[in-house]
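First the structure, which I've put down as structure tokens, then a few questions once you've had a look.
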Amino acid sequence: MFRKKLKRGPQVILPKDAALILAYSGIAPGSKVVDAGAGSGFLATFLGTYLRPGKVYTYETDERFLQIVKDNIVACGLEDVVTLKHADVTKGIKEKDVDLVTLDLRDAKKALKHAKTALVDGGMVVTYSPTIEHLMGVLKELKKLNFSEIKPVENIVREWKTELTTRPETMGLMHTGFLTFAKKIK
Amino acid sequence: MFRKKLKRGPQVILPKDAALILAYSGIAPGSKVVDAGAGSGFLATFLGTYLRPGKVYTYETDERFLQIVKDNIVACGLEDVVTLKHADVTKGIKEKDVDLVTLDLRDAKKALKHAKTALVDGGMVVTYSPTIEHLMGVLKELKKLNFSEIKPVENIVREWKTELTTRPETMGLMHTGFLTFAKKIK
Amino acid sequence: MFRKKLKRGPQVILPKDAALILAYSGIAPGSKVVDAGAGSGFLATFLGTYLRPGKVYTYETDERFLQIVKDNIVACGLEDVVTLKHADVTKGIKEKDVDLVTLDLRDAKKALKHAKTALVDGGMVVTYSPTIEHLMGVLKELKKLNFSEIKPVENIVREWKTELTTRPETMGLMHTGFLTFAKKIK
Amino acid sequence: MFRKKLKRGPQVILPKDAALILAYSGIAPGSKVVDAGAGSGFLATFLGTYLRPGKVYTYETDERFLQIVKDNIVACGLEDVVTLKHADVTKGIKEKDVDLVTLDLRDAKKALKHAKTALVDGGMVVTYSPTIEHLMGVLKELKKLNFSEIKPVENIVREWKTELTTRPETMGLMHTGFLTFAKKIK
């Protein structure tokens, strides 16, 4: 129940989306992941929880978030798994043979060429796009870089209530972001 | 733009659901409709707008709503189309050869046998069920009464926004009610 | 139940979407509508059914569809309401004081300036966009032309089944098109 | 990418639903899980992959599936994590201090009292209900047994395509099952 321990910072990817990234990317204990931007560290610590003895390298440029991420890594007991890097993923990724690159940042499209270099053959990149403009920029760059099996999805969790009567909640979360999965082949 | 003129009263069926009732029931000018409960008269006046020289008989038992409905009929200029009846649809329907019966009331299931008697062969009944408990009661009674082509549907309108960026609204209407369409055969 | 009489031609706007256009545009008997392209005439005859003594002018450039549309107008008994025009709506709209312009064609964005000229103040245009590329082109042009209350929506009807058990259908229609409503102000 | 290795047997919980169970239940390495019925072992091996040194005890009564499950446990290299039990979960659960009980079987409601006994305080049960009838039976029993925070959800993944144009897939998976989460308090 590690999520209860997390400090809140910038808006984070929700558990429903983090879970889909885990399930669709097929990463497992031992996998190597690069994540950017760290934000509050939610996605990095969520994935890190399940990947030991794997590694998660999480990039963040915004100094305001660094301490929150560090605190959350410690709170989750993931110092041996999650490494915070104060670096700009759009400038380059130093890690090699990476199984998964997750990009939740405004300039995701600028990081895709570095993601491709860092990934193993068959490795995956996942981008999180709150808007269509962001999504279209990512899709264009993924195609230009010859990524395979490019697949955007929306993940909608519809909550029901069941106190006196049973029915879907009247209001709910209609949209968080578009998740786009793509595979590096060759 | 008749809807702008309507006085607000009890919660009403939304335009998206009223529109689906119109489109799926296949009613057209000249059709005869029985509607209950009237509520504020929204559904009765919406349908009435498009059915002249047809008729809409709208039943309401709650005295508090009667004046609102009357005012809305007048505001829409539908005195020749929509007739308000201060009567209980679960006790009986006097109209014959009805093309469509719409039921948006707690005791909808108790009105279904009267709906069947009132409908022409091939006529339709549509029920509006906010909850699963309501829906299941309606479905059971529809089957017992040998209605055909029983089809519950949900109608979800997802709004997008497009000011600075383009994306679905974060929060939205996840549920209003289950609409169940069924046909009287024989 | 006029839809049963229609000949099938090119892919048509579905009843769920046609109904939403009717309900959200607020058109009513007496309204004047311009529709393009006619396709098989489904939307023109659907709207025409409910607008008498109003008018629907439906534009079509593709000669293969003209006879189908004519036959469908006659089958619906709407010769006095729906007028088929063998003309290109992207080249101009002759009608004036139009309450609603519906655009379901590849080059919808090229017709928007003519739609604005044809519409009354407070009149609406509705576009049907199967793809994001189409939608984004339409939105850009609507903004450039100073349309107001620009609102894209998706309309998802989720069908349930209720034979032995009650549940949503496993597979269903996840997408038809984005409907974008916009109003001419001034 | 362990899923590629799995033999197919009976219909399985999909990755989207398995992922949500992982994320919402908050289980982590070291957690103890009871799962029934095993089916082909998909959910047991999915969860097992991420829980070492935890344990997953998966119950199955149908002899036809036992060998498939065993093969899948071996294929995933999870012999030290996932234990297959040829037993009926509706007759009792021997494990104690369980963090999560997952029930994907027709008689789920009959297993809930045993789930409550097996769970630690704060532990969760998750049921998978393909139908409303199943869901309503589960909800009634959960309330009777004083489970807390009873929350049914639907998880809809909407796939987009982006070859020549970008748009949601026309047809898609509208329903798999209702997932109901509930917590044992005290």
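Letters are used for the chains, namely A, B, C and D, taken in the order the chains are written, and counting of residues starts over at 1 for each.
In the analysis below, contacts are C-beta pairs under 8 Å (C-beta built on N, C-alpha and C of every residue); 3 or more make two chains touch, one makes a residue touch a chain.
Computed from a prediction, not measured in an experiment: that's the story for all the values here.
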*Which chain is most remote from subunit B in terms of Cα centres?*
A
_Of A-C and C-D, whichever chain pair has more C-beta contact pairs_ = C-D
*Between subunit A and subunit C, tell me the centre distance in angstrom, where each centre is the average of that chain's C-alpha atoms.*
40
*Using mean CA coordinates as chain centres, what's the subunit C-subunit D distance in Å?*
45
*Would you pick out the residues of subunit B that each touch at least 2 other chains?*
132, 136, 158-159, 166, 168
*Mind listing the subunit D positions that touch subunit A in their complex?*
1-4, 15-16, 18-20, 22-24, 26, 28-29, 46, 49-50, 52, 122, 135-136, 139, 150-162, 166, 168, 178
*In their shared complex, at which residues does subunit D touch subunit C?*
130-134, 158-159, 165-176
*Mind listing the subunit B positions that touch subunit D in their complex?*
132, 136
